[in-house]
Structure formats: structure tokens, C-alpha cells
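Take a look at the structures below.
Both complexes shown next keep subunit A, but they swap its partner, so subunit B is in the first and subunit C is in the second.
Take a look at the complex of A and B:
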């Protein structure tokens, strides 16, 4: 594990939502989107809100308990994908409802990467636009 | 051969006549049936549509209280006549290019099993409403993006897809098109521009977070469908930025 076990969303280009407890993350700069298993969704929620990763080790999730190696592997993936960065800040507490939701999950920790909508996500229609003319924020390549 | 075009309208009195004119000029391509759903406009949109109807009987106007674009599109689907062989859409501030339907319908004639053509769109921030073309000083960007206006559906595909998901306040078209492409219909990607998508202050939502949330929901629904049914496929190779090629996102 890294010197700090507290993480944060890496940039404002990383946007995410949870629907029925399932997280979807979008990287507006690359156009990739990311899906998670049920346990991965809850761990994403915890890590992205500043919960100390160490607190998650040994918790019941995915019909098992979260092992150190498993969690480290998952966190490494999220760092390599550019979704999270290490943060030098005091950790946030793990919400009790997240603990209960985690215990109810049945799948191992996984994140999947998808690029089939990349051009669409990058250009239109959800990217930030210049106001007031409503033009997609583009720059000329050097 | 009847082609029905569904157009939801909400407070677009300034643009709706141009949009309708861009369709009506293509009457030679098919037996055109334009279904306008006025979704509770509070401006002169309905009257603008009626003014076109006086000389153009192929326009049918239906009015409802404001329910949002997904319900308006579904109201349009319910008005499809039994003999409509083809279905398309056009938003009330966009322009359908001259000759677009003729070109696409020829593809269906040449390929009997074809269910869908999906063309390009050009974003333009200045459109000459007389010529129905971008002005010389308009910025333009051409892409194969999310727009129902670039799709021409054979009726059977539309019937198979069912309704728009009315839980979406926006991005209902993203959800619909992802559902369409996941089922791997027999489609052709057409390298010609079908619509000018008018970028103006009024069609850029003020609330960016709501826009993002709706798109994330559409993507989440797509992932969930594919997880539940492995026969569904990723929508690979459909959406692409075509031009200008030397531009990239900030």
C-alpha cells in the first residue's frame, strides 16, 4: 500500500454516479467509462469519498472478506486507470449504510473499462461547453 | 411508401418552421407524414406549426401538456400510422439536409434486409434560415454522434424497440440508440451529413450536472443490460468525430 491510504477523485474530468448502488464512472478527457461489480461499486464509493483503505480490509463483501492483496490490487487498478490519486488528508469515516451494503454484495472486487462511446463522450453532448454559445470545448491540436 | 417523421416541440417558435421546411422540401422522396408533438409550449410554437399546416397537409399537430421530451417522443410513436414503412425523427431546432431521405431510402431499396441507416450530423452555431444552411462564418463540427435525426428506421425495428424510457429527463435518445445498437440490427453507417444540429444558447442545458447524470444513467442501463444478456454487444465503432480532424478536446 502507498504511504497514504486516503484517496480522492483525480480530476474534475472524472465524474460518477451510483444507480441502485452500482457506480458508473466516466473520464471526460479520454471518453472511457468504467463499470464495477457490486462490491467494487461500494469500495469505489468509500475510496472516492476519502475513507481510509486500511479500514476496508477484513470487511465482509462479495460473499467473503476483503483481503489485503485483493484490495491493494483493486486500488492499484484505480490509480493506474487515473481515476483516483493519493491524498494527504485525514480519512473520512466509513458510513454505516455502506458497511451494510458491502456485506450484502455477492461479487468479487472488479472494475471494467469500456471505450466504445469514447468519441461520443468526448465531443457531445455532455462535455462542458463554452458559454454562452454552447460550443463543445475544443482546442486546436498543436 | 410512407415515411413518418416525429418532431417534439417545446417553445421553439423561432426555429420550428425552418425545421419543418427542411422536411417538407423532401416530399419527393416518400409519402411524407410529419408528426409534431407540441409538448405544452407557452410561446407561439403551435401557431407557427399551424401556419405551415395550411399549405402542407402532411403535417399533423398534436398538443399535450408539458411532460418532457421522452413522453413527447412516445406520443409521436403512438401516432405512427399503420402504413408507415419508415420512421425518423427531427428535433424542432435542427435542419434535415435536402436529399437526405432520398439517398437513404435508396439504400433500403438496394438492401432489403437493412433496418437502419445512421448518418453524420454537423453542429453549426449559425444557420441561415432562408437557405437552411450554415452561414459562411458559422463554426461547424461533423460527427457521428447521438441524434435520432441522423437515424432512418425501418418500421419493424421501431416496433421491436418499444418506447422511450420516460424516466429520462434528457438523454432518452442516448438510451434509445444504445438499446438499438446493442441488439445488432442490420444497419449501414452513412458517410453523409443528415442533419445540421443547431447549437444555440437555448439547447445547452444550464444544469450540467443533470446532463451528466442522465448520460451516466443511460450508460449504466446499457452495462446492466449487457451483463444480464451476454448476447447484447458493446456499441463499438458507431460514434466518431469526423471533422475538423485537427481539433481535439480541451
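Take a look at the complex of A and C:
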């Protein structure tokens, strides 16, 4: 986990909605969707609003408590997916209602990726030219 | 041949729209299509697309309030004053970047690289252009749901939405069937129609959230793969069926199998996610709104160029307005339709 342990949504292209407490996130730039479990949704909500990740360790989530390794793995996944970035800023307080909501969850801390309809980035190879040679020498994959 | 980049894209769009408007007199066909609160006039030449416009839509029967008019010019360089389509000139192309750049200047657009096929729309003036390299150089899916992108842009500008979903209903109440291709939407819709239910479409329908959730028909074409076509008895019922479409599916008109005229609207009472069951009887069970949203939104947003964030918000609102269910499909069309009819009757009571 990054030393700051405070995170923010990575860009304006990351948008999300909540359905009965469960979050669905869309990356507008890629067309990828992310579905969060109930506990994952509460952690996403906390992290994306600037709550210090350290504060979340040991909280009750359903029948268990959130362990350090579990949270670090989850945060790493959100960073790798490009949903969060580290933020150098003071942490925000944990909303009190989130504690009760987290305690009432029943699913493990997960996020599922739905990318079967995500965009293909279309590359025009004609423009991938060898700059010293110039047009129309195409760069070769190394 | 000119090349278009993100920088020059809005200028190219406006240049093409202006060129198409100037060349209108050279387009011999002006086809008016009456759709919900919209009269679309397509200017084009004779051919496959003109024929498709004659059959592909469910047109409204009555005059409707707040009807607007839009004009779409379908053009190619064989028409005087129409240039050769440009090529994409940047190293990378992303749908989102393309749409964002146009939206900054109030425009909408789509580009299909393989055919140098361009579509641009100005929602403020309600004028659009579809530029093709030749009269028949359009994507293979275009005749089944022609001008879909323009309808998407026009209705999105009014806060409505084309959804990639099927519908079934009875007595004016209906359910929305959500899911990606292969989920069983079209087979379920055909099974329902053949057994007395109504539908306003099996693939793309117009959704309005102004008073609850209502669905209106736009396109009249239904599709079935050869296995489903045989299983539903359509092989015998529609003996004059034509060649398979680009997906290897049979296409036919909703009027060929609907028990009565297509209703103008259905009040949607549930969002239903079908899936192919294990061979038993059909069943309908609650599903989380999160899962229903993920079944509904991705294909609807991916298949409609631009308007991504507004689409995500729209489908989120829709999902929150409806109870959501998973429909496990049995194997018998009559039994599937009966399960849905019973469900609709219970929902309406």
C-alpha cells in the first residue's frame, strides 16, 4: 500500500452509481464496467471519498473483520485497474453510517471486471512511423 | 485523400453536413418516417438502404404532441458536390475521445474505419449526414436498424434513450429483457409473440423515464438464429424467409408473428435478465439491481456512439425505478410465454 494511504478517484472518466448499496463503476474512456460486492462497495465509497485506508483495517464486515492483507490486496487491485490514485492530502473522516452498513454486509471484499464490450483502441499503423526514417517506414514491434 | 484528426474533426463534420445539404437536390428519394414524437426525413438514392427504410420501422399511427423534425442526408461521392470520405489521420482512435471532441462543439458522430463510413449529427439544428465511399458501402448491420445512431443522438438530446433490450407485454404492461447478445432476448420475445403476448421490439427500443418507465417501438425487424427459428416453428410459419443476415440469423418483420398491431407503448413494470436455463421449467427470481444494471447498460452504451456518461446515468435511473429479476428459460416456447404472462398478470394486480 502506498505510504499516504489516502486515495482519490483517478479521473473524471471514472463514474459510479450505487444500487441498494452496491456500486457499479464505469470507466468512460475504456468502456469497462466494475461491479463491487456489498462490502467492496462500502470500502470503495470510503476510499474514493478520501478516508485513510488504515482506518478501515479491523472494521467489522459481516461475519468477519477486514484484515490488513485483504485490504492491501483490494486497494492494489483498484490502483491497477486505474480506478484510484494515491493522493497527498489530509484524510477525510469515516462517515458513521458506513460502519453500520459495512457490518451489515454479507459478501467478501471483491470487484469484478466486465470488459467484454470494452473498446478496442484502434491503431493506425501507417502513422506509427520510424521517426528518423519518416513516412512511410512503419515501426516494427520489438 | 484528406485525413481527419481530433483537431480537425468538428470542422470536417460541419463541412460534410453543409456539403450534404447543398447536394440535397441530387438525392431522388426523400423518405419520411414517423416515430415517437419525431418525424425523420431521410434523403438518399434508391437501393438497399432506401428499401430498408420502407420496412425497418414501426411507424406511429397518430399525430403526437411535441413532435420535432430531423433531416438525415445519406450520401456518397457519386452525388455531385459530395467528397470522397476522409481517412482517420491520428495514430490512435478511441470512441470516447472521438465523441468527446465532437461534443465539445455541440456535435455527435461515429466513424467505422473499415469502410471509411462517417456519421455526423448536429442536434441543435437536427441535421445529420451519413457519408459512405459508395452507395452500398455501409456496415452489414445498417439495414436491420437503419439510422440507429442518429435516432440515439436525437432522442438522447431529449432525455430519452435507445436501450439494447427486448420487450414483452400484455394489456399495456410490459417487462424489459436485458442482456448481451446470446442471452436469450430475441428467442424469448419471439416465444411470447407466438403465444399471444405483445412486444415493442426485441433488440432496440426507445425508453422514456418521464412518467415511470415506458418503452416505445422503433424497429420492426426481429432476428433468430437457425436453431431458434426451427425450435419456434418459424421455418414452417414463414416459408418465404430470405437469406441469413450478416450474423447468420434469419430476419423477419414483427408483424409476421405478432398477435395484434404493435402497441404504441408499454408501461414497463420489471427489468428481467434472461439466461438459458438447465432444461427444466422457466422460473423468475429476484436479482440484485447491480447485476441487472451490468446486464442492461454495457451493450446499450457500447452499441450507441457517444453520450456515455448520460447513458450510464439514464440506465442507472431506469434500474432503480424497477424491480429486477432473473428469468431462467425453459425449453418450450409456450411454457416460457406462459410463465411471463403469469408474471405480468401478478405484477399488474
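Rule of thumb we're sticking to: the second predicted complex is superposed on the first by the 116 of 142 C-alpha atoms of A that agree within 3 Å, B and C clash if a C-alpha of one lies under 4 Å from a C-alpha of the other, contacts with A are read in each partner's own complex, and residues count from 1 in each chain.
We adopt the following convention: contacts are C-beta pairs under 8 Å (C-beta built on N, C-alpha and C of every residue); 3 or more make two chains touch, one makes a residue touch a chain.
Given the structure is predicted, the values throughout are model-derived calculations rather than measurements.
Enquirer: When the two structures are overlaid on chain A, which partner does A:29 contact: first (subunit B), second (subunit C), both, or neither?
Expert: After superposing on A, A:29 lies in contact with both subunit B and subunit C.
Enquirer: Between subunit B and subunit C, whom does A:15 touch in the aligned arrangement: first, second, both, or neither?
Expert: Both subunit B and subunit C are touched by A:15.
Enquirer: Who contacts more of subunit A, subunit B or subunit C?
Expert: B
Enquirer: After superposition on the shared chain, which partner residues are touched by A:116: those of subunit B (first), subunit C (second), both, or neither?
Expert: Both subunit B and subunit C are touched by A:116.
Enquirer: Under the contact rule defined above, give the subunit A residues that sit at the interface with subunit B and also at the interface with subunit C.
Expert: Residues 15, 17, 19, 22, 24, 26, 29, 33, 35, 114, 116-119, 121-124, 127-128, which sit in both footprints.
Enquirer: Looking at the complex, which residues from subunit A come into contact with subunit B?
Expert: Answer in residue numbers: 15-17, 19, 22, 24, 26, 29, 33, 35, 112, 114, 116-129, 131-141.
Enquirer: Please name which positions on subunit C make contact with subunit A in the complex.
Expert: Counting only subunit C, the residues touching subunit A are 88-97, 113, 180, 288-291, 293-294, 297-299, 301-302, 308-309, 312-313, 316, 319-320.
Enquirer: Help me check something: in the complex, which residues belonging to subunit A touch subunit C?
Expert: 13, 15, 17, 19-20, 22-24, 26, 28-31, 33, 35-36, 114, 116-119, 121-124, 127-128
Enquirer: Enumerate the contact residues on subunit B facing subunit A in the complex.
Expert: Residue positions touching the partner: 123, 125, 139, 141, 143-146, 171, 199-201, 203-204, 208, 211-213, 215-217, 219-220, 223-224, 234-241, 246-250.
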